[in-house]
Amino acid sequence: MDIGFIGLGEMGAAMVANMLKAGHSVRVWNRSPDKAQPLVELGAQIVGSPAEAFTGDAVFSMLADDAALRDVISAPLLEHAPRGLIHVNMATISVALAEELATAHAGRGLNYVAAPVMGRPDVAAAAKLTIVAAGPAEAIDRVQLVFDSIGQKTWRIGSLPQQANVVKLAANFMLASAVESLGEASALLGGHGVAMQDFLDVITNSVFPGPVYQGYGKMIAEQRYEPALFKARLGLKDVRLALAAAESVSTPLPVASVVRDSLIEAVAHGDGEKDFAVLGQVASRRAGR
Amino acid sequence: MDIGFIGLGEMGAAMVANMLKAGHSVRVWNRSPDKAQPLVELGAQIVGSPAEAFTGDAVFSMLADDAALRDVISAPLLEHAPRGLIHVNMATISVALAEELATAHAGRGLNYVAAPVMGRPDVAAAAKLTIVAAGPAEAIDRVQLVFDSIGQKTWRIGSLPQQANVVKLAANFMLASAVESLGEASALLGGHGVAMQDFLDVITNSVFPGPVYQGYGKMIAEQRYEPALFKARLGLKDVRLALAAAESVSTPLPVASVVRDSLIEAVAHGDGEKDFAVLGQVASRRAGR
Amino acid sequence: MDIGFIGLGEMGAAMVANMLKAGHSVRVWNRSPDKAQPLVELGAQIVGSPAEAFTGDAVFSMLADDAALRDVISAPLLEHAPRGLIHVNMATISVALAEELATAHAGRGLNYVAAPVMGRPDVAAAAKLTIVAAGPAEAIDRVQLVFDSIGQKTWRIGSLPQQANVVKLAANFMLASAVESLGEASALLGGHGVAMQDFLDVITNSVFPGPVYQGYGKMIAEQRYEPALFKARLGLKDVRLALAAAESVSTPLPVASVVRDSLIEAVAHGDGEKDFAVLGQVASRRAGR
Amino acid sequence: MDIGFIGLGEMGAAMVANMLKAGHSVRVWNRSPDKAQPLVELGAQIVGSPAEAFTGDAVFSMLADDAALRDVISAPLLEHAPRGLIHVNMATISVALAEELATAHAGRGLNYVAAPVMGRPDVAAAAKLTIVAAGPAEAIDRVQLVFDSIGQKTWRIGSLPQQANVVKLAANFMLASAVESLGEASALLGGHGVAMQDFLDVITNSVFPGPVYQGYGKMIAEQRYEPALFKARLGLKDVRLALAAAESVSTPLPVASVVRDSLIEAVAHGDGEKDFAVLGQVASRRAGR
């Protein structure tokens, strides 16, 4: 396919590389153009503006947050895009902005698909992302081959794009909640002289298998929060987005409120750039340890 | 081995059956003697008092809670038990009582091992329990063969018996926390018209594999909380024990506090005997759904 | 003084009336002009645009929220205002917007004073408001006479305008926290058959005198939440602003998080327009009563 | 009246002194007899056992907590007390124990009145206590003159003794909640460079008059937590009792849960013996200040 791609951070660059490998033609744009260079060797074409990326069969975007997206996706940009173009937004953004973008695109005859992904840069590089897609079914059908080039599985959630964002935010909330609970458990165990790793051995070999409990649990057990796989500051951002998505449908999320407070406490102690497993340190500090 | 066994609830009866199958000789006692009858056919010997169970190589106990244990394990009982007897307590009890029992046994020349188990009655029947043991290492060595007859794996945690109880309570806290989070996520998703089962498909096939997210998640998705695998009332008891164990070492557990409040709310609405996945209903009710 | 006034809700209208009574000359503007008519009889001059209000010695604004303020206070408006003009913003707005406005005004040679008030419309009508002012001291000096015409006391907080907003938000947080606690206490007392009014008699005649515990407490005791003195929906807005102000300086406010969840629950049950003493009902509902 | 009095801590000793001044005859007993000596000079008669205090018209008790009370008020003691004796328990104890004592007394033909007091030792010394009484009305009538000698006002709550304990615990919960909120507000204000004392001036002169906001607020403003008027450790005890009283009637108290966590954090940092205004320090520490 003839694809545009906007946003070449670690995740975006890995996706583009896999799209190219699969034979797609990709025009790339990034605010800092140097990020695009390595992709040129793989066959990408650098363009000078987001508008030039907003052409062809579909354009994908992977920007950092709501603000970055608002800076790029302007009304004039949409106005000049070819009717029928599919915009696939893979970033984790607010549900409110997703709704707003869906309306803005539809009003200009464009297709808007939300397709946030689960998986970190190493997973993206391996083309093993989990893709959560929502929006017009036929639009998703048309980009499915591209999804297949970057992910191992695409889950279709619904016809409203923002529903995919809700799923992503709910998943990240679950993640944050599990890490906070691991942190609290660690403080409890430490108080009684039990090694966190012993506890992890028990639960990851029985009720809690899987990468979350093993991976973040290990960081907490070793009190080693760098290098960060998922920064506390970004975890806080996502919990905030989950709380906002919930408030918009009048839904309290008491555990998310607790995790938000704990992440703020981590940031307050200068740990915002550390892995959000640093919640284990927050819990221990409260216990005076 | 020549074993006594006290407490023939669903879990205890399943354990005894497996001990008998493995060739151990078991004297059983239960407050309501009729529970013991089916085990006689498998070879168990019914005794008329806890004291008669407190003889032989080792005695195992599996009683409902602290109160039931205090009723049975009296000072005179310990006084008359043969020196060197190993008492293996497999129930989920408070850390405070475990400490107290460890001291009381040691003072009378008895060995006290705490070995709470993870797994429900069906797992117990299949002899697939996860056993978490703590106490004097040689005492655990001596009963290891019995553990092998009822469980698939024994994890040794430390030399202080109560440390095994801390691990069990921390694991149940993690469980309760995961279910509360699933409930909250369900309310968030419902508010945006996303099917809980779709969300579960995504997370259980990626970041959250395993029985907890699948099993309890499904009950929440189907809003079906009976028959109860783990009752809300008992979940509340365990969270309370985790909070007490944490308070005894001056450790706040904010997520446990939230879960406690939610479980109290479930009980207040008459759902104490339902599965504690009913936390999903609590979260939805708060959202007016 | 020659004053402009923007925003003639219940609070604004009462303030203008008192300013006129004190002999000040007031040009008024409101989005819906009919609100201005009753003030004309008291001597006010209606103007056709915010810009016409932004002249003279000082302009006061009392708009509903951040959005309403952003709609009115545009860059061109500030550009055309006379240098040295004092803008006194009496609304409860976000700390972030207050900072932004302070910078925008200063950059154009205008004085920006934040002067949120404490007291409801009846207090405003009686010219008994408590005024919390922050900003350039000499600017506050120059409008002190106007403050004296509408309030019983002006508290000066600091030289940064947003500091007055922080004080207002912190006070409203305290208020919301007290009402939530009253609601929880009410649920506890009700569970034991104690009349809430008996409890209120005890505490308001001893440790908790004052209007908050008496007034909101009485509404909870009588389960009568209309007419609303302070709507739950607006209470939620203010708690949200307090949480945002706290997050901007990395400060967790766990009680505010709890109150936020309770207010969302009230809104979810259709009680957003009721007095925020309806928190008592939220607490009772959780207890199944 | 002919009175017995058990428990001569600071509060108890001050009460006895005022009873003696009012002309009552008082037999006193304390575990450490030296505490009783100063009262002998005022006319008290020291007795050698609780049983000797449990005679006459009425016996008052003012012991530290549930455990201290259980040690003294034994079944034999009640068995040997004269029928019709009134036992007035003024201590802050659990609702569960109050119920148990009410039943135990009634079963032996004794009257049990719960009459916890509000006010610290200086208030007790000035005979200005607020007394919250519940139990059989005629029994309270008969000791009213004694109440009048130590308090400024007796509030009658209901016919079930434990109801007075519920009121006391709810009041202390309100107190703890107000102090926690003050602490959080202080952290918020500090983050924005606003002096806590300026904030206190505003709120104590408007919405929050009274000793709680002034007194504890001042300690937080001055970050001076010693000498303790009400120790954090004891505040934690009372919040725990309030949570237990609420759980017994299936009532969640989310703010109490938060305050409990904060007080545990204070204790964890070695501040259990400081005034519970140290909650201000807990809130600031979380914010990294």
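Just so it is clear, A, B, C and D label the chains in written order, and each chain counts residues from 1 on its own.
By definition in this document, a residue touches a chain if its C-beta (ideal position, glycine included) is under 8 Å from a C-beta of that chain, and two chains touch if they have at least 3 such contacts.
Remember, it's a predicted structure, so these values are computed and weren't measured experimentally.
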{"item": "Most widely separated chain from chain A, with each centre as the mean of CA atoms", "value": "D"}
{"item": "Chain pair with more C-beta contacts, A-D versus A-C", "value": "A-C"}
{"item": "Centre-to-centre distance between chain C and chain A (centres being mean Cα positions), rounded to whole Å", "value": "38"}
{"item": "CA centroid of chain A to CA centroid of chain D, Å", "value": "53"}
{"item": "Two or more partner chains touched - positions in chain D", "value": "246, 250-254, 258, 261-262, 265, 268, 286-288"}
{"item": "Parts of chain D lying in touch with chain A, wherever the complex brings them together", "value": "254, 261, 265, 268-270, 286-289"}
{"item": "Residue numbers on chain A that touch chain B, as the complex places them", "value": "95, 118-119, 130, 132, 153, 155, 157-158, 160, 162-163, 166-167, 169-171, 173-175, 177-178, 180-182, 184-185, 187-189, 191-194, 198-199, 201-203, 205-212, 242, 245-246, 248-256, 258-259, 261-262, 283, 286-288"}
{"item": "Of chain C, residues touching chain A in the complex", "value": "246-247, 250-254, 257-258, 260-262, 264-265, 267-268"}
